[in-house]
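The structure under discussion appears below in the form of C-alpha cells.
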Amino acid sequence: MIELVASFLMFIGSVFVFSAALGLLRMPDPISRLQTGTKATTLGAGLILSGLAVLHPERAVQYVLIIAFVFISNPISSHALARAGLKTGRTEGDVPEGERPEERAQ
Amino acid sequence: MTALPVSTVLMVTGFGLVLLGYSAILIHRNILKMVIGFSLVDSGIAIIVVALGYVQGGTAPILDADTTAATVFVDPINAALAVTAIVIGFAVTAITLAYAIRLYRLHGTLNVDAFTESRE
Amino acid sequence: MSALHLHPLGIYLFGLGGGFLLPILYQVGKRWLHAGFVVAMLGMTLCAVVPALSVLQSGETIEITTAGALPPVSINLRFGPWEAAVSASATLAAAMLAISFWQTIRTKYVPLLLFLIATMGVNGLIQTRDLFNLFVFLEILSVGTYGLLALSTSRAGVQAAFKYITATMVASALVLLGAVLLYKATGHLNIDLLIEAAPPLAAPIAGTALAMVLAGFLIEMKPYPAGGWGLDVYETAPPPLAAFLSVVGSAGLIFALGKLLPLYDQALGLLTVGAALTFLASNLAGLRQQNVFRLLGYSSIGQMALLLIALAVLTDIGANEVAPYVLFGLFVNHLLAKAGLFCLAGALRARRVDQPLSLAAKPALALLLGVFVVAIAGLPPFPGFWAKWELILQLAEAQRPVLIGVILIGSLFEAAYLFRWFFRALGPAEKSESEEADDALTLQDVLPPVGFAIFLAIGGAAGAMASGALTISTVLPLLAGAALLLAEPLPGRIKAVAMLAIVAAGSLLLPRPEGIAGLFGPVLLAGGLVIAFAGMAWPGPRRGHYPWVAVLLLSIQSLLAAPTGLAFYTAWEFVTLASAFLIARREAARGEALRFLIFSLAAAFCLMAGFAMIAADAGTRSIYAIIALGSGDGLGVALLVTGFLIKAAAIGVHVWQPGAYAEATDDVTALLSAVVSKAAIFGLLLTGYLVLRSQMEVEFGRTLAWIGMATTIAGALLALRQAETKRLLAYSSMSQLGYIVTAIGLMGHLGWVTALYLVASHMLVKGILFLAVAGVAHRTGSSLLADAGGLLRAMPVTAAMVAVALLSMSGLPPLMGFGSKWLLLAAMMEKGWAELAIAGAIATFLGLWYMVRLFTALFLGPPAAGGARGEASPALLLPQVLLVGGILVLSFFPKLLMEPVSAAIDPEFAATLVWQGQSLETIYGLWDPTPMMLSALVAVAVLTLLWWTAVRDRRVVPTARAALVSASPLPPALMPPLAITFWRGVTAGTNRVADTVRRIYTGNAQTYVLLTLLYFLAVAVALPLIPAR
Amino acid sequence: MTGRTVHLGLSALALAGLAFAFSRLVGAHVEPTALGQLAAGYIRLSPEELSVPNVVTGILLAYRSFDTLGEVAVLYMVAASLGPLLQPMDNPVASETPRLSENAGEIIHSGHFALLPLIGVFGAYVILFGHLSAGGGFQGGAIIATGIEFYMIARVASAINVKAFSALESGVGVLFVAVGVFGLVFAGGFLDPRFLPAGELGHFVSGGAIPLVSLLLGIKVAAELSVVLERFRG
Amino acid sequence: MLDIFIIVICAAILLGGVLAVVLSDVLMASVSAGAAGLFASLAFLLLGAPDVAMAEAAIGSGLGIFIFLYALKKAGYPGKSDR
C-alpha cells in the first residue's frame, strides 16, 4: 500500500518535471520558459521527494527539509534569472520563425 | 542489457570530454573558450579517474550499518585523487581566467592571435 | 625530536607555515612581514642544507614518513645523498635569488608567500616518493609560478604568462592522467613499488600511462619543438624570477624525471635523442637571438637538455661511479652560473645582445660576468668543465661519437653566443651621465651574483679535486692571476715587474717536464718573459693585462708538463681564455677576439673529442702511456691533428689569426705569435709520437707535410699583399708555422730536429719583428706600410734588429734561419719528397720577398710625412736586443740547441727509425750541401747587387721602393679569398638553419598547446618502439 | 591564411592521435571485480586504525593528508595571486563595466535570510560528518562558499572583507600545519591524526583529529573560495 | 538499470561538452560546460563516489560557473564572438 502511494506520488512528480522539460524546450521566450521551468519543477520535485519520504519514513525529516529548501530556492533563483534578463534586456524570444506555438496554431 | 561495463561507458565519456576540451583549446581563438576547454579537460579527467576506480557492483567506500563482508566497494584511492584533482583544476582555471581578464584589459580583445608579441 | 635538530621536514613546516603566516604578519606591519619571510626562508634553507651536509657525510638516507604509516599506505619522502645535494643547492640558490628579488617583491606579501611555497614545492618534487604527490608538488610549483608571473605587467609579459599556463596545464594534465592510469595498471602510486613492478612499456594501459608521465615532465622542461612558451617567460619575467624558473624550478623537474627514470629503462635511447635535439636546436636558435633574456632562456633549456643527455646516457651505459660527479657537476654549474647571469643581466638592465654596457669600465662586474659566461660555456676551472670532460670520455668509451659531436657542436654554439654578448657588453654604452647614475647598482643587485661566483669557484675546486686535476699545475696559473688581480690598483710598471717575478718564480714551482717538453719549457718561458718585459713600454695601468699574461705564461708551462689528457686540456683552455681576454682588452679587437675564441674552442673541442676516443681505445688517460701504447683510433688522431692545425693557423682554418694578431695590443701579438702558437706545435709533435707508434705513419706524414707547405706558400703570398705591418707579420707567422708543420710531417729524426730548431728560431724572430713594428707604430702613429718610410736614420737600432730578424728568417746565411731551412730541405730530399722541396724553395723565396718589402717600406726611401721622433723606447728595444742575442748565439753555436734536441728526440726514434746511433754530423755528411749553399750565395749576391745599384741611382730608388712595397705577387683574380668565403658561407648557413629552427615558435598560445600535444603523441608512439638494448 | 590551415590540419591530426591513444586505453580497460591490494588495505585500515568509516576521508585527511596539505597550498596560492592579478592595471586598453550598485531586489534579499542558514547548516554538516558519511572539509567548504556567493548576489553592493577572510585562511592554515606538527610530536609522524583518541567507530567524536582537520580544512577552503569569488566579483 | 542511467547521463555529459565547444556564445558555452560537470557529479553519485560528486557539484560546476560569469563580465561580455 505504502509503495503504491509512493509510486503514485513519484509518478505525478515525474510528469510535472517532464512537462517542465518540455516547456523549457518549446516555450518561445525566456520569461515563459522560466515560468514553466520553475513552477512545474518545484511541484514535481516536491512530489517526488514526498514519495520518497513515504517510502522511507525513517528519513522523512530530511526529505521535508529538502522540500523546504527546494521550495525556497527555486522561486528565488528563477526570480533572479528573470530579473537579470529584464535588466540586460534579454526577454525577446529566440525560437526560429515557423516554430513558434502561435504560428503553429494558425 | 548492454554489453559494455559501466566504467567503460564512463571512461569513454571522460576521454570524450577531454578530446572535446582539447578541440576547443585548439580551434577556438577566443581565449575564454580556450579556458572553457581546459575546464572540460579537467572534468573529463575527474570522470576518468572515478571510472578507473569503479569495481563491478561496487558501492561507496563508506562503512555503515549494512556493510557486510560481501559488500564490494569502489576504490577509495581514486575518489581521493579525484577530489584533489577537481580542487586543483578549479584553482588553475581561476588563475587562467584571471590572466584572460588581464589580457583583455591590456589589449581590448580576447583573440589569441593578438597575443604574439614575443616569439622565435 | 629536539628543537635544535634540523630535519628536512622543516622545509615544509617553514615553507607552508611561513607562507600561511605572511598575510597575517602583513596586516600586523611591514616589518613583521619582512622578518617573517626572512625567518621562513632562512629556516627552509637551513633545514635543507644542514641535514644535507650530515647525509652527504654519513651517506645515510633520511626517510620521512607522513601520517604515521608506512610507505605504500602513506606518502613518504626521501632525503638521501642525491636528494640532499640537489635540495640543498636548489634551496640555497632560491634563498640567494630572494635577495636579488627583494626590491621587486618586498612591498607585497603575495609574491613573498608564493616564492616561499614554490621553493618548498621544488623540494617536494625532489623528495617525494609518491607519484600523485609528485603531481601535487608539480602543481604547487606551477601555480606559484603563475602567481609570480603576475609581476610582469607588460603586454608581452602577460601574454607570456598565459602561454606558459596553457602549455603547463597540458603537461600537468598528462602527468595526472598518467599517474592515475599507472595506479590502475599496477596498483601502486609509490614510486619504489612502481619501479619494482616494472610496468611494461608496450602494454596498452601502462605503456600509455608511462608515455603520459614522461611526456608531461619532458614538456615541463621545455623541449624543442614544444618549449617556446618557456622562452617567452624567460624573456619577459623579472630576471630573478626567470632565474628561479631556470635553475630552481628546473632542478626540481629534472630530479623528478630522474627518479622516475628506472621506469624507462627501455626508453633511454628515446630520451637521449629528444634531449640531444633540444640541446642542439636551442643552442642553434640562441645564435640568432637578440634579446638577452631569451638568449639566456635558450641557453638554460640547452643546459637542462645536456643534463638530461648525461642522465640518460650514463644510466644507459651503467657508469654509476662517475654519474654523481658528472651530473652534479653539470647541474651545479648551470644552477650557479645561470642564476648569476640572470641576476647580473637584470641588475645591468641588459636588454639586447648587441647593446654595450660599459663593462670594460667596471672591471669587477666584467669579471663577474666573465666568470659566469666561462662557466656556462663549460670552460675551466668551473664545475661544468670537469663534468663535461668526464662525460665526453665516458661517451667515447661507450662508442657514441655522434653524441659527442652533438654535445660539442651545441656547446660551441652556446659559447659563441654567450661570448658575443660578453664582448659586446664590454663596450662603452651610449648613455648620459644621469642615466648612468640611475643605473647605480645596489647591494641587493651585486650580492647574489658575487655569492654565485664564489660558490662556482668552490664548486670548480671541488670538481678539480674529484677529477684529480687539483694539482699545482692547474692552480698556480690561477693563483698568480688572482694575486695580480689584487694588485691591480698599483701603477702599471710595478705590476709588470711583479708579473715577471711571479711568472719566473712560479715556473720554478711547476713540475719540470722531460723530453721535448723539457726543451719547449725553458725556451718558451725565456721567450715569454723577454717579450712580456716589453709591456714596460706601456706606462698606463693596463687593467686586466698583467693577470692574464701571468695566467698565459704559466699555463703554457703547465701544458708542457701535463701528464694526463685532462691536465693538458685544462691548461690548453686556460691559454685560450687568457689569449682571448688579452686580445679583447682593446675595444677595436673584440670582434677578432670573438672569432679567435670560437676557432680556438672549436680546436679545443676537436682535441677533447679526439683525446677521448684515443683514451677510450687505449684504456688509459695518461698522455705518455697512450703514446707508448700507440692507439689505432684513426678518427681520434684526425681530430687531434685538426684541433692543433686550427690553432697553428693552417691553410683554410687560418682566418682567425691575421685579424686577431693585427688588432691585439702589440706586445700581446708578439706573445701570441712567438710563444702561444708553439703550444699547437707541441701538441702536433705529441700526436706525431702517437702516430709513430701506430701503423698510419706514412700517409699521415705526407698529408701533414703538404698541409704545412700549402700554409707556408699561402701565408707568404697573403703577407705580400698586406698594407699593414702587423697583418703582414701575422701572415708571415702563419707561413712560418706552416714550415714547422711541414717539418713535423716529415716524421723523421731530421724533420723533427728541424721543427724544434724552427720553433726556437720563429719565436726569436717574431718576437723581434712584432716588437720592432710596435716601436715604429708608436713613433709614427700608423701601422700602414704606406705611412712609413726612411726610418733608417731615425730608428737605427730598430732597423738593425729588423735586419737581423730578416736575415735569420728568410733563410739567408749565416744566421740560424739558414740552418733551419737547410735542414728542412735536407730532410725532404732524404724522404724523396722532391716536389715538396721545390715548393719549399719557392716559399723561401716568397718569404725573402715580403721581408725585404717590409724592411724597405719601413726604413728606406724618403722619410714619410708623419716622420719619426726618434728611436723606440728602451722597454721595447731591450727585449729585441736579447732576442737578437739569442739568434746570434744559436746561429754560431747551433750545437747548443741541436744536441739537446737530438737527445730529446732520439729515444723516440730508437725503435722505429734507421737513424739509430747516427749523430747529426753524420747526417749532414750524408747529403752534399754544396749546390744549395752555392745557389743561395748566388741569389744573395744578385739581390745585393740589385739593391746596391738601386741605392746608387737616386732616381731609381723611389720607384723601385714603391714598386716593391705595392707589388702583388699574383693578380688578385688568382688569389680568391677562398677561406673567408667558405667560412662566411658556413656562418650564413648556420644562421639560416638557426632562423628556420626558431620559426616554429610563432608566439601563439594555440600553436604551443598543439606542439605540446604533438610532442606527447610522438613520445607515445616512439616509447614502445624503442627496442630493448 | 595558410598558417591557419596548417594549424587546423595539425590540430585534427593531434586530436585524432589522442583519440587513438584513448581508444587503446578504453579497449584495454577491464572492469575489475575486486579491489586491489592497496585499496583493500585502506578499507581495512581506515576503520581499524583511524576509526573512520568513510575511507575516502580517511585517505584524504590522514594517509594522504600530505597531498591535501599541498592541495590547500595550491588553492591558497591561487586565492592570494588573484589579488594582484585582478587589480586594475596601470595601462589598460579596455575599460571595466562598473560594478552594479543597486540591490538585487526584494525577493532575493529576503530569500537569502531564509536560505543562508540552510546552506550554512548543510555545509557544516558535510564538514563535520565527513568522517562518517560522504563529505569532508573540501566539499563542505565549497558548499559554504556557495552560500557566500549567494550572499554576494543578494547584497550586490556589499563587499566581502577580503582582509578578514585571508587572515582567517592564513590563521587556519597555520593551525593546519600545527596539527601536523602535533601528529609528529605526539603520534606516529607528520600529519598523523591519532594524537587525539580514536573514539568508537561511527560516533561523532571519533577518528582522532580527523574531524578537527576536517573543520580546519572546511573553514580554510570556504575562506579561500570566497576570496577567489570576491576577487572575481570585485 | 544502472547501465541505462549511466548511458543517459553520459550522453548528457557529452552533449554538454559538445555544446560547450560548438556554441559560439561564450556564456552559453560556459553554462554548458557547467552542465556537463553537473551531470558528471550525478554519474559519480551513481558509481559509488559521493565524495567526488559533492566536490564536483560544488566546486567544478557550481563555483566554476560563477567565476566564469564574473570573468565574462570583466572581459566585456557580450562582445564580439571569435567566429
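A, B, C, D and E are the chain letters, set down in written order, and residue numbers restart from 1 in every chain.
Definition applied: contacts are C-beta pairs under 8 Å (C-beta built on N, C-alpha and C of every residue); 3 or more make two chains touch, one makes a residue touch a chain.
As the structure is a computational prediction, the values presented were derived from the model and not from experiment.
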Inset, instruction - Show which chains lie in contact with chain B and also with chain D. - result: C, E
Inset, instruction - With contacts defined as at the top, give the pair, B-C or A-D, that has more of them. - result: B-C
Inset, instruction - Please flag the chain sitting at the greatest distance from chain D, going by CA centroids. - result: C
Inset, instruction - Taking CA centroids for every chain, report which one is farthest away from chain A. - result: C
Legend entry - Inter-chain centre distance, chain A versus chain E - centres from mean C-alpha coordinates, in Å: 20
Legend entry - Centre-to-centre distance between chain B and chain A (centres being mean Cα positions), rounded to whole Å: 29
Legend entry - Distance between chain centroids, defined by C-alpha means - chain C, chain D (Å): 53
Legend entry - Averaged-CA centre spacing for the pair chain C and chain A, given as whole angstrom: 77
Inset, instruction - Mind pulling the residue numbers of chain D that touch at least two other chains? - result: 7, 11, 14, 18, 25, 29, 36, 38-39, 42, 54, 56, 60, 64, 67, 71, 74, 77-78, 81, 85-86, 89, 91, 94, 96, 134, 136, 138-139, 228, 232
Inset, instruction - Give the residues of chain C that touch two or more other chains, as numbers and ranges in rising order. - result: 132, 136, 139, 143, 146-147, 150, 181, 189, 1002, 1006, 1010, 1013
Inset, instruction - Could you list the positions in chain B whose residues touch two or more of the other chains? - result: 6-7, 12, 18, 22-23, 26-27, 29, 42, 52-54, 60-62, 73, 77-80, 83-84, 87-88, 90-92, 94-95, 97-102, 104, 106-108
Legend entry - Complete list of chain pairs which touch one another: A-D, B-C, B-D, B-E, C-D, D-E
Legend entry - Contact footprint of chain D on chain B as seen in their complex: 5-8, 11-12, 15, 18-19, 22-23, 26-27, 52-57, 60-64, 72-73, 75-77, 79-80, 83-84, 87-88, 90-92, 94-95, 97-99, 101-102, 104-108
Inset, instruction - Over in the complex, which chain B residues touch chain E? Could you list them? - result: 1-2, 4, 6-7, 9-10, 12-13, 16-17, 20-21, 23-24, 27-30, 32-33, 35-37, 39-40, 42-44, 46-47, 50-51, 53-54, 58-62, 73-74, 78-80, 82-83, 86-87, 89-90, 93-94, 97-98, 100-101, 104, 108, 110-111
Inset, instruction - Note which residues of chain C are touching chain D in the complex, please. - result: 1, 9, 12-13, 16-17, 19-24, 27, 64-69, 72-75, 108-111, 113-114, 117, 120-121, 124, 130, 132-133, 136-137, 139-140, 143-144, 146-147, 150-151, 153, 181, 187-189, 203-205, 208, 1002, 1006-1007, 1010, 1013-1014, 1017, 1020
Inset, instruction - Using the touch definition up top, name the residues of chain D that touch chain C in the complex. - result: 3, 7, 10-11, 13-14, 17-18, 21, 24-25, 27-29, 36-39, 41-42, 45, 49, 62-67, 69-71, 73-74, 76-78, 80-81, 83-85, 89-91, 163, 166-167, 169-171, 173-174, 176-178, 180-181, 183-185, 187-194
Inset, instruction - Under the touch definition given earlier, write down the residues of chain C that touch chain B in their complex. - result: 132, 136, 139, 142-143, 146-147, 150, 155-156, 158-163, 165-166, 169, 172-173, 176-177, 179-181, 183-184, 189, 228, 231-232, 235-236, 285, 291, 294, 998-999, 1001-1006, 1009-1010, 1013
